[in-house]
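Right, I'll just put the structure down here and ask away after.
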Amino acid sequence: MMQHVKILRKEIETPTVFSLYFHWDVKVEPGQFVMVWVPGYSEVPMSLSSTGKEKCLTVKMYGDTTKALNSLKEGDIIQLRGPYGKPFTRVKGKTLLVGGGSGMASMRPLINEESTGIVAARGQDELLFADDFSKGNAICVTEDGSRGIKGIITAGFENLDLKSFSMIYICGPERMLYAVFKMLHGKTENVEFSLERSMKCGIGLCDSCSVDGFQICKEGPTFSISEVEKMGEFGKTRLDRSGKRVFF
Amino acid sequence: MSHLNVKAGGISLKEPGILASGILDENGYSMKRILLEGAGAAVTKSIGIDGRDGYNPPVVVETGSGILNAMGLPNPGIDNFSEEITLAMKAGKPVIGSIFASNANDFLKLAEKMSDYGVAAVELNLSCPHVKGFGTEVGSDPALVKEIVSTLKGSISIPVWAKLSPNVTDILSIANAASDSDAVVLINTVRGMAIDIYARSPILTNRYGGLSGSSIKPVGLRLVYEVRKELGLEIIGVGGISTWQDALEYIMAGSSAFQVGTALWSNGRKVFSEINQGLESYMKEFGVGNLMELRGVAIR
Amino acid sequence: MSHLNVKAGGISLKEPGILASGILDENGYSMKRILLEGAGAAVTKSIGIDGRDGYNPPVVVETGSGILNAMGLPNPGIDNFSEEITLAMKAGKPVIGSIFASNANDFLKLAEKMSDYGVAAVELNLSCPHVKGFGTEVGSDPALVKEIVSTLKGSISIPVWAKLSPNVTDILSIANAASDSDAVVLINTVRGMAIDIYARSPILTNRYGGLSGSSIKPVGLRLVYEVRKELGLEIIGVGGISTWQDALEYIMAGSSAFQVGTALWSNGRKVFSEINQGLESYMKEFGVGNLMELRGVAIR
Amino acid sequence: MMQHVKILRKEIETPTVFSLYFHWDVKVEPGQFVMVWVPGYSEVPMSLSSTGKEKCLTVKMYGDTTKALNSLKEGDIIQLRGPYGKPFTRVKGKTLLVGGGSGMASMRPLINEESTGIVAARGQDELLFADDFSKGNAICVTEDGSRGIKGIITAGFENLDLKSFSMIYICGPERMLYAVFKMLHGKTENVEFSLERSMKCGIGLCDSCSVDGFQICKEGPTFSISEVEKMGEFGKTRLDRSGKRVFF
């Protein structure tokens, strides 16, 4: 049911990404998300980029709704419902966090001293939360080479011993996930993907987010690599807003 | 579970529970999975002549004991829907094509295509409460309902189901107008809305929506009972069914089979298999050989 | 609590919450106690020309998120009711006389007696869904509604409220027919029924009943909103209100005051005082001086 | 919500009173009641005359519904809802249980070694549960004098030291309660009455059971003597089935 929280503060993360902090007395686990309603605009899924007593949304501006969120300020109210979805599996030991675009948002609560990050973006300005990792633990990948490795996200894996990580977490657009999936497939089992599909209801009714009969909003958004492997639709086809089947 | 077999609305079902239109039935893979998990058949999302994106979210609101929705009939258009039906039919169970239009001619075109795609029956959405020019606006005019049903019955060979709205003063005149169909499906959602006191605004982008789930079970039961008692029509009951007890109430009120929608949210995907199990134990405990022995037994 | 003051349907209320007709308002002592505990006014049980015992129990069924009732309009007849009104009025707050009849003449007789007994307004029950010849049967005929309302408005001096049914295809035509009244009261219960799978029988002795409580809040909100938006009438909202948030939603949808019935069961007698407190804190937090500043703010 | 239980056995208590035993996995306290529905007849309030794991209804035949209940047998189903109402206050020490008609039913679960009973009836055949009290602890009062004291229930109090009881519980028709009330009034404070009025809903909505603004079904049926004292309607007026105010 719709709830409301008051914005405590706003932080600018990159030229296109900002964070909104608020108190919300609800238990949330990393990987879960909320549906954020901006009256007059739309309602969009957003991960929690902070899951302690103080919660946070980290938003990348794409269209009208995310831009409208950007106009909110301290003291304003955010309407949201949730938390929804299955969290990431927590593990002990070394972890690898792989994120592109706003994908780092859902993984920020997982960052600790034992985690390594592969953070990808077009340019250095857009690298999200790279500096939240312990010194030397963030591998940056930029398309323009302005910081770290030049290339796309898969390049970030090159010198890593995959087996040394208790878990590899990955979040980003499906095309990116698919590229990483193909690379990791057969090499290691301890991998979880957080899938992103267009979501209308967020509660497992409308079918707009489904992949292979799984409702990402309810049975996901996190899935293990062995679950993803069985998905015939993953990385290949999806339904558009009208329900028409289109290719990626 | 052989004794859960029913014949309803001109088709045979191994299990009496049918996935209701609009819930997890836009994507063929979703329908297939639900059919494999215990649904006896699946009705597709309502499909029209042309594609529609539907309304902007919010398109659903949780109301505590139900769901309000105003999806806005998103659908890819009939020409883009055959693949989903093919995918769903891989489960080896009947798929029923739901269609919406504003006149008999368009309904016929849609039904013919659905029939070509291989559906076991078509369900006419004469009852969506939140899109101008369709649904209830069509379904509350008895003459139009009669024309649509008789046009289809005269032209296609698969069974025709007419899904009716509870949002009418006199259900009997509408049900009577649809009496040539192979079954009337009762009920679609009840008109409603939700308001947010912090946004000081309706929540649904369309303002008005349709209420489903436990809240409306008494409404659906009553209309099924009344139509069965007064007109003796073949009925598929739907509205707020989430347990085997609910399903049995609908059967005893006169339904031949039943549909489940919102309970996929409230009870999860296990809802169909749990209902099947519950019905079997009741039948065993009270010595009921076939579910249809219970159809309408509460009518007096 | 001075800023909870409202003027609604031609009367002034110290608190905006009114006891709905049919709930704890047959006995004058009961009304008095509820008025003293925070209700701004009380509507009596619906009273007719002649006494009626009502139906045999079961007359109510708990449905989980609501109540189904078919009391059958028990009432002692107008000539035996003056003492209860006198008792209730000892609380020093307005008592509104609810009346039912099948024609304008009888409504007028009842209203005149109620007026003699000292009520602040009369509420016409044009909407009880479960007694033949009364309620919805009268209230779904716009011409009859118009005749009744105008007869009363032309003859008695106290305000006249018209309580309408949600069980109609087109609420706007009915509300329009009642537009001479001082307020329309929306909504009465939604038609429904309950079946018991062990008795294999409807539970209510009358089979059909009316659904109230949380289940119907979305339905009531929508009708209030629609009638206020389209016709601009003065409205008293009722249906599923159990918290101050619910009450505020009705105010924002366009009600001038609101009634509470079933929540006396679900939330207990403290419901009125809790609603008053909640409204006050909201108004304080958001700097609202008088509740009426919020009336209809959600309409767009 | 309507529930169903299966009758384990039936016992005949007096020529007009019988008991139906059943398992019902619900916590019930002495003094609470259920609404019992007999399809085709009516729905009536009934106290639980046994509140342990095994529950019991003890029914006096008055009209159609109670007679229909009498035709039920082992294995048949009873439909009921509840438990409803406020239980008796439990106390340590000596108690006095005063019942007329079927009034003893609700008090049977309170009987123990320290309790004394005043059991009233027309004749000895109709004395209910008098033999459930420890030997010598039941004072019987019959109108025809066929057992114990000849007279009406108030006669049973004559040789008792009221102050020696931690609590006096009383259940029966309102006229009887009123007679006992007038007798006890001003003499002792530890008295609880279980009131009986016609009940249609059982859940505090319909007003048919109300006395002085109190809903007996919800705020009662048990009331202390000080609460009863303030009730202007008690023993004087009530509403009939139509809601017409009538005198006792």
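Lettered A, B, C and D in written order, each chain numbered from 1.
What we mean here is this: a contact is a pair of C-beta atoms (placed from the backbone, for glycine too) under 8 Å apart; a residue touches a chain by one contact, two chains touch by 3 or more.
These numbers were taken from a predicted model, which means no experiment stands behind them.
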Common touching chains of subunit D and subunit B: C
Most remote chain, CA-based centroid, reference being subunit D: A
Inter-centroid spacing, subunit D versus subunit A (mean Cα positions, whole Å): 64
CA centroid of subunit C to CA centroid of subunit D, Å: 36
Centre-to-centre distance between subunit C and subunit A (centres being mean Cα positions), rounded to whole Å: 50
Of all residues in subunit C, the ones touching two or more other chains: 63-64, 194, 196, 201
For subunit D, residues that touch 2 or more chains besides their own: none
Pairwise touch network: line, ring, star, complete, or other: line
Inter-chain touch pairs (all): A-B, B-C, C-D
Subunit D-facing residues of subunit C, complex: 22-27, 29-30, 32-34, 45, 51-54, 56-64, 67, 69, 71, 74-77, 80-81, 83-84, 194, 196, 198-199, 201, 203, 205, 261-262, 264-265
Subunit C to subunit B touching residues, read off their complex: 63-66, 68, 140, 167-170, 190-197, 200-202, 207-209, 211, 214-219, 221-222, 225-226, 245, 248-249, 252-253, 282, 294, 297-298, 300
Touching residues (chain side subunit A, partner subunit B) in the complex: 1-2, 4, 35, 37, 39-44, 77, 79, 81, 199-208, 210-215, 232-233, 239-245
